[in-house]
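Same chain, two partners: chain A is paired with chain B first, then with chain C.
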Partner chain A sequence: MEQLTIAIVVLSSVISVIATGFAAAWAEKHIGSAAIGAITEKEELFSKGLVLTVIPETIVIFGLTVSLVLLFVVLPQLL
Partner chain B sequence: MDSNAAFSNHYFEETNYSYLNTRVRAMESKLYKKDTYLKLLNMEVSQIARFLGEGNYKYEIEFLSRNYKGIELIEHSINFNLGNTYNKLIKISGKKASKYAFAIFSRWDIHNIISILRGKYSNSPEYEIEKTLIPIGELSFSFIQSLVKIPTYSEIIKKLKKIEKYEFMDENDEIADLESELFKTYYKNILEKFNNEKKSIFIEFVRTEIDITNIKNILRMRRYGFGIEEEQKNMIEGGLFFSIDEIPSLLRLTDADFLKEMKKTPYGPIIEKHWHETTLFYLEEYLEKYLMKCAKEHFIGDPFNIMPILHYILSKKIEVENLRKISRGKTSNLEKNIIEDSLVV
Partner chain C sequence: MNSNVRMAKIVLVGTKDTMKEIIDILHSLKIIHIIDFKEQDKTFEVGKSLGEVTIFSELLLSIRSLLHKFDNKSMNIKTTYIKSEVSRDLEKEIFETENIIKEYSEKIDKIGSIIKEIENIKSIGELKDIGIEKKLISSIDNLISSKPKLEAYKIELKNQMDAIVTQEYVNLLQYEDFLSNEIEKMEAPLRFTTTKNTFIVEGWIPENKYQDIKDILKKKFNDRVTIDKVKFSDSEEVPIEFKHPIPVKPFELLIELFEYPKTKEIDPTFAIFITFPLFYGIMLGDIGYGLVIFFTSLFMKTKFKTEGWKMILGILEYSSLYTIIFGIIYGEFFGFGIFHFLGIEKIFGLQMPILNRIINFMSIMILSISIGIFHILLGLSFGFINLYHNHNLKKAILEKGSWIMFIFSIILFAINIYASGPLFYIGSSLLLTSIILLIIGEGFIGLIHIFSLMSNILSYLRLMAIGLSSVGIAIVINSIVTRVIFPKGGVFILLGYIVLIGGHTGNILLGILASFIHALRLHYVEFFTKFYEGGGIKYKPFGT
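On to the complex of A and B.
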């Protein structure tokens, strides 16, 4: 039973990074192409476009935090 | 080669709506606003040409300034700019979105053909006809230009008849009949082409456009009288709120009943508001604006569709028409307020 719980924690940690990674990639794909579209016509939008493009990265940071908490806080308590 | 090469020349295989719609919005933000038109109204024709040359029309003004001057330069530049902008839209649209853009742009073939036929009918010189041509559409511009060089009206129709799409044209027909027949065929082709997308917003938009064209014709006929032949010739099938079978009865209703019928459609408030005006100008203009609003509303609802592109196509056309009105008005010394009233802003 204990081993199953450990496996679930490790798996959750992996899923949180993978899922948020894909979510950020999907969002960046759209925001990035929209930003490129706008910058092509108006170069002055470069800085705004760049900032907006990297905003979805925060999703991965959340996922990574959750993953690290699981691996370094929750997991040691189970071992 | 009769067909426009740009129509088969895409930069992208797939349509990326995020890219396309933001780019088109950025392009739309560069269009002239009301305050620019007011500024242009205070300028002379040469100053207008200089202003355009410093802004969005730089390339065309610089390119054409060797051959033209004054109003001629402005007319040719705005037409070429319209063509260049639309061709650019096709290139950046990708396959999926460009099929809608093609459908809309094939209307410019009709515009060009009608301009040439009208010009030849009224014995206008070639340079006057060329001034009205827009280099966009399914037919290549060199083919359109070759039509201008044909000396007579009937010979032009004979040449056009060789193209499958224009087989129905007859050199014995009146120009007005040919015009309405061309538009009918244009809408029929679009509706047939997108038959499997009956509920798509694009088709809804096209059908709204048909409604508005029909209403304009109904209002004109009601106000200025009509014959049975005209009634059948001018109406277009496929409208959103009323079918072609309802039109004869709409033409014969009393004013009160007609307004009551119109109130059942979204066009009712516009028609009611301008019903008692002496001219139909504002009514027609507000119906056009309603069409613009339709494109805008759909756009706000869902940015991942074709509507922003359609909205830009309409807005750009309106900008060019406004600039044409200002420059022509200035050349013929019209009063400022008359020109201003005619602008769509």
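On to the complex of A and C.
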């Protein structure tokens, strides 16, 4: 039982990074193409487009944080 | 209420016959920000442009297209305009230049293709014994032997053309400068108000320059032109000219990329000057990377001299200083643990490195969140001051004060975990008051914003995460090189150095970009949304 819990914790931390990574990439893909479209129309929008494009990166940062907490805070308590 | 230059609204009235001279004077003074006249009626109408603008514009257009064709980016010629008038034959001149250059380039192309053909013939090989007449063969040989001559001629032609291009380029640049200035002057009346015999210019000038312009006009036109300060209402947007000390100057760029502040808004440039490099440093934090960025931006400053580049490089310079400071705190030099490597354990009784980013990532996480809370509190207090000045205290307390209280209550709860006491009760009462104020201020919808506030604060976790990924890549590069490639010896040592240099260059580029964008994002999305409205006008004097 103990080992199963550990395995689940490790698996969860892996999934949190992978899933949020995909989510961020997917969101950025759409925003990025829209931003490029806007920039070709109006070049001054470059900075705004750049900033808008990195907005979904928050998702993967949360994922990374959750995974780090799982690995380095939750896991040691189980071992 | 900011550190901006104080502006005065002025009205200049003159008789129409003085208009041309006045435009010349205003254009050379470069201090008046003209307000375009829009509402026409029977007595007041928009002025007509002076002279034949269309001819000038056409000339300018053809010059620009010609300049574009030259495409000489390497030539950095100062565009001081010494041309004081356009000669009548300018059009002809341009046309001729175009033709000469066309001729030259055609000749060069032709010679080039002949040389190519000769090479083709050469590649056939021996021409004897295939039944071609001897005479023909000897003439072909002649042709082949003349190849070096042709090549020399081609180079000579090219040099001649370059000389012409260089000479004409300067000439045309001066014309371009002169013409665009002239056109601006000619079209100036389109921004004025005119009546039958007079014209009126409305605009803004820096207050301290008012007396100068008044004196100049008085001396020249006596009573035929009057200029006066007029009162303006609070709702009018005054154009903004920043007046920051030199170190803060580059950070105006970040405001310009967003939006200019409104007249009665707090100008956040100084806050950005403090927090932007700090965030950048926390994220990148490496002595080696900091040094590389610092010296590259110093070097680039001597190469790129436009205003925009200067500002970007200035920002990078300050940010790299913070990067070095945080590099010392983290003890990182191109990803290596520098203090461990040098065998230094303590400096001034402090354990070195002070914070190891990888082992103590939890402390950096807490640091990031604390910085986030502080930064958002700063934004909310700016918002409070803005609302207090523009509306009233009640609105400020309801809309921003409630959030400030809310955050303070959470801080108290957090402290309560470590030191229990009456803090819990103070925190709860604060929380309750803040929620009540919130509901009064923004309705029940306001409660939803609690989550967005939380995600805003958690967003500052990127200060840790971006740094962790950057140092992660650096460590991977280092360990691949030192553990896998170097032990093999021989040629692999060289390969190892190539991987080290290439890898770290890539990582530095990534680090510059990622840290920059994310620091920017924290300001635009998390910080500015708490107080900043934007939409102000930039002070753009006539003649620049």
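To be clear about the criterion, the second predicted complex is superposed on the first by the 79 of 79 C-alpha atoms of A that agree within 3 Å, B and C clash if a C-alpha of one lies under 4 Å from a C-alpha of the other, contacts with A are read in each partner's own complex, and residues count from 1 in each chain.
In the analysis below, a residue touches a chain if its C-beta (ideal position, glycine included) is under 8 Å from a C-beta of that chain, and two chains touch if they have at least 3 such contacts.
The model shown is predicted, which means the values in this text are computed figures rather than measured ones.
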item: Clash or fit, chain B versus chain C on superposed chain A; value: fit
item: Chain B versus chain C as contact partner of A:Phe72, first or second or both or neither; value: second
item: Touching partner for A:Thr5 - first (chain B), second (chain C), both, neither; value: neither
item: Partner chain in contact with A:Ile36 - chain B first, chain C second, else both or neither; value: first
item: Partner chain in contact with A:Ile61 - chain B first, chain C second, else both or neither; value: second
item: Cα-centre angle that chain B and chain C span when viewed from chain A, reported as a multiple of 10 degrees; value: 60
item: Which superposed partner A:Leu50 touches (first chain B, second chain C, both, neither); value: second
item: Smallest distance from any CA atom of chain C to any CA atom of chain B, in Å, after fitting; value: 7
item: Residues of chain B defined as touching chain A within the complex; value: 16, 18-27, 29-30
item: Of all residues in chain A, those that touch chain C in their complex; value: 47-48, 50-51, 54-55, 57-58, 61-62, 64-65, 68, 72-73
item: Chain C residues within the chain A interface of the complex; value: 257-258, 361-362, 365, 455, 458-459, 461-462, 464-466, 468-469, 517-518, 520-521, 524-525
item: Chain B-touching residues of chain A, taken from the complex the two chains share; value: 29-31, 33-38, 40-42, 45
